[in-house]
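To keep things simple, chains are lettered A, B, C and D as they appear, and every chain counts its residues starting from 1.
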């Protein structure tokens, strides 16, 4: 396994090109749920990391909340899973983020399945991972395109209860089994691809142990996928950017500070 | 064609005068639509570039969203096209911005026509341009005062499907045909006037390829028109300011960062 | 007439004292109206200039908007003039700001009268001044305590149509007639007291000619009155602080930038 | 009595540990009431001082307001005292803040009692203290775990009308009687524990005499309790951090500035 850093994914990192417009950088969409902060953090991160457009699929009662997260976001009406399916029929939505703030219940499962059915790049995080407890194989069978799973330890155990070994071993086996890139979050975030590649993230400061940082990470990866970055590289780059952004913020950081810090990391980096 | 820069429009750029009050700097109004971020960005940009007052004509369900964009904005109730017509009977509203966030459908067409009928300075952007697809001549016949069209390439093709040649040639022909100043957006924004003047903008960084920057640009031009700047100069100055503002923001910029950066550009500039 | 500056009012400027609590610095209340930005700007300015507590009397439909202006503000339900009268029966509300954003109509007149009837320090601005057109004497007869009127030239002419002479002369005569401190706004803001004192403000940059700066000024004066500063000194200090705050902000300033800049002026000043 | 400073509680101050996740830093919950600014300030302070998660228990009509305070907060539906009782059955909510913005009436009393009944760490502030007027013994009998009372002088007198002596003496007697840590707020905040320990805070600048600073303080203490800091140390550290944060902000500070300044204090401090 490699140590996660720009050397690993620099050549695949999206670059702004002189002759281009926003549609060249993709359109990420985040499924919004009752815990609205999560989708807001994910969407802002996707925008900050360079997605050309970012939409939030919003329950009607949350429209004002999402609209006020940023005038740069697009808020789409999405009352229920059927509306999500209709929304993502639009193939321009080329990266889907499902999980943050969806809550327990069957909705997350339905949204995740609809996302996978499109074959487009998808991040499954948080409640979308939890919703697959006991039915992981049904989820994995639905995988048709690049998918990144971003469980923390508890979510990982629910989805892969039988896997043993250290975090690296377990992440690799999970990637192999699921056909997804697996980012096992934690102090040393492990990124593993179905083809056996793996990287360990070592730049995450402990300040990241605060509510909402996982949502930011899911959105960052979604934003990179929207720009056409391959799943393994996007997951690794997302995890590394998160660590750098948190280090810039320092002690007392909270998750709402991170999206702007990602922009700051990009300004100081040689790869974008 | 000239290269776009302050030398081209410095003498026409609005200046704050010692003995003056807000009404001396005009009152821009932005037509608000269902994608509320667009009108918010446009209105904030108009304010930042110096319009004395800026109003958003708001669907009632969007009132809270617009009010929270800034306490410096005025939110006016405007439920439908008829309300827009009534609102802009007020001649103090001397610059009208129509298009950002209006969505597809006939509303944009109606609002644009009502704006043109006033003979006051008008910016037609985004959905107002698209709405004229296949009926451009009807739109152009309605032009009575200074009008700036701000299409990107796709919108331009829909409005002028028969025009050929490079971007400069096409923008000039479109300006001639329409009687409007045409700002053909893109990496090298071309500004063309019906009288044959044209300028090419070369300071736009690729960071501008992100959602909402066109809305900021439309609002910036609207804010300059409100201050009495002629249409060609306002369009050119707006495009140049946008480029400078984006350069200041750097990598990771999103459109919500731009209005404040316009203020920063003005502080550093010799012309305002 | 003096030139307005700290020498004129430094000794009366409120100071934070070591052994004190928020109730020692008064409680300003701003009457909120349909143009919600105005009361928000006034309330934030009152808070920034040091009032111990600041409330907004809110129409119920504006509660969310006002609450989101700042968690440091108090939002009080106030559906109609009768509710305002009941609210200000509380004698702890020792400075009342009436006018910003109230709109034309009789409401401003009723709120102003109720405020004057308390005999407590009151700022009458904008629509509260306009509402007295043609019935100024009825307004002036109701004056029982310290009152600051803050008309701009147009509002002044409506309230004192017969007064002639230069701005200083007119402001002095208006103060004498009304029994109020009159701050005649403009590039050279004139402050005149009924006892004949007068000052001319010369530090206002032309950037102040933008929507909402008058609301900030009314709130600043209200915040100083709440802290027990006499009316003439409060009006003069408010006008001077406004000029300094705008100069700090520089070109591209909009009114929402001012309240925080007032804090910055206080940090750099020797008098607070 | 000691002088309050890091020497007193540095060893108990929560530290971010390399191998940890957000659940290791506790989950603070703030009871939200009709004056919504108070709970927002408290919740943001709890988050900034390092609580792993922070929730606001919201009246349904306040959901949008709380959600917009920060995407890093969790908003929980909580229509009435019975819903609060059900909510805090979740033992992961390990620090409860009751009082800020609840208003007069019996609700504060009911919420406080339900909080004490859990035996988990609790801060009782403001209206929760006032609500116990005349029935302090019933409140104190309900104490089962670590509790911090944070009255200002007026609230203290209502709860302990018979106690005499200087502030230190009275705070100590109140702590002894109540079985709670008592933080008697004021220019020299006194912290007293039931076991006789006491500290006097001397770093509070007079700028703290402004609305909402008490809410920030209650939240800060709640955030420290959530991380497992003992009650006396948490109260002392909270009071000291507040003073440092206000000193950083300087003149013109308002309470909404404080939560971010707490992060800044932590970045500059040697103890976190």
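For the reader, a short list of remarks on this structure follows.
Following the convention adopted for this analysis, contacts are C-beta pairs under 8 Å (C-beta built on N, C-alpha and C of every residue); 3 or more make two chains touch, one makes a residue touch a chain.
All figures in this text were calculated on a predicted structure; none of them were measured in a lab.
With steps allowed only between chains in touch, the distance from chain B over to chain D comes to 2. Among the remaining chains, not one touches chain A and also chain B. Comparing the contact residues of chain C and chain D by number shows a mostly separate set, under half of all numbers used being common to the two copies. Relative to the C-alpha centre of chain D, the farthest chain centre belongs to B. Look at where the CA atoms of chain A average out and do the same for chain D: the two points lie 35 Å apart.
One finds 49 Å separating the Cα centroids of chain A and chain C. Residues of chain D in contact with at least two other chains: 64, 68.
Here, these are the chain pairs in contact: A-B, A-D, B-C, C-D.
Chain contact summary for the complex, chain B toward chain A: residues 35-38, 40-41, 44, 64-65, 68-69, 152-153, 186-187, 205-207, 209-213, 250-256.
Interface of chain A with chain B (complex): residues 16-22, 24-25, 47-50, 52-54, 64, 67-68, 70-75, 262-267, 269, 272.
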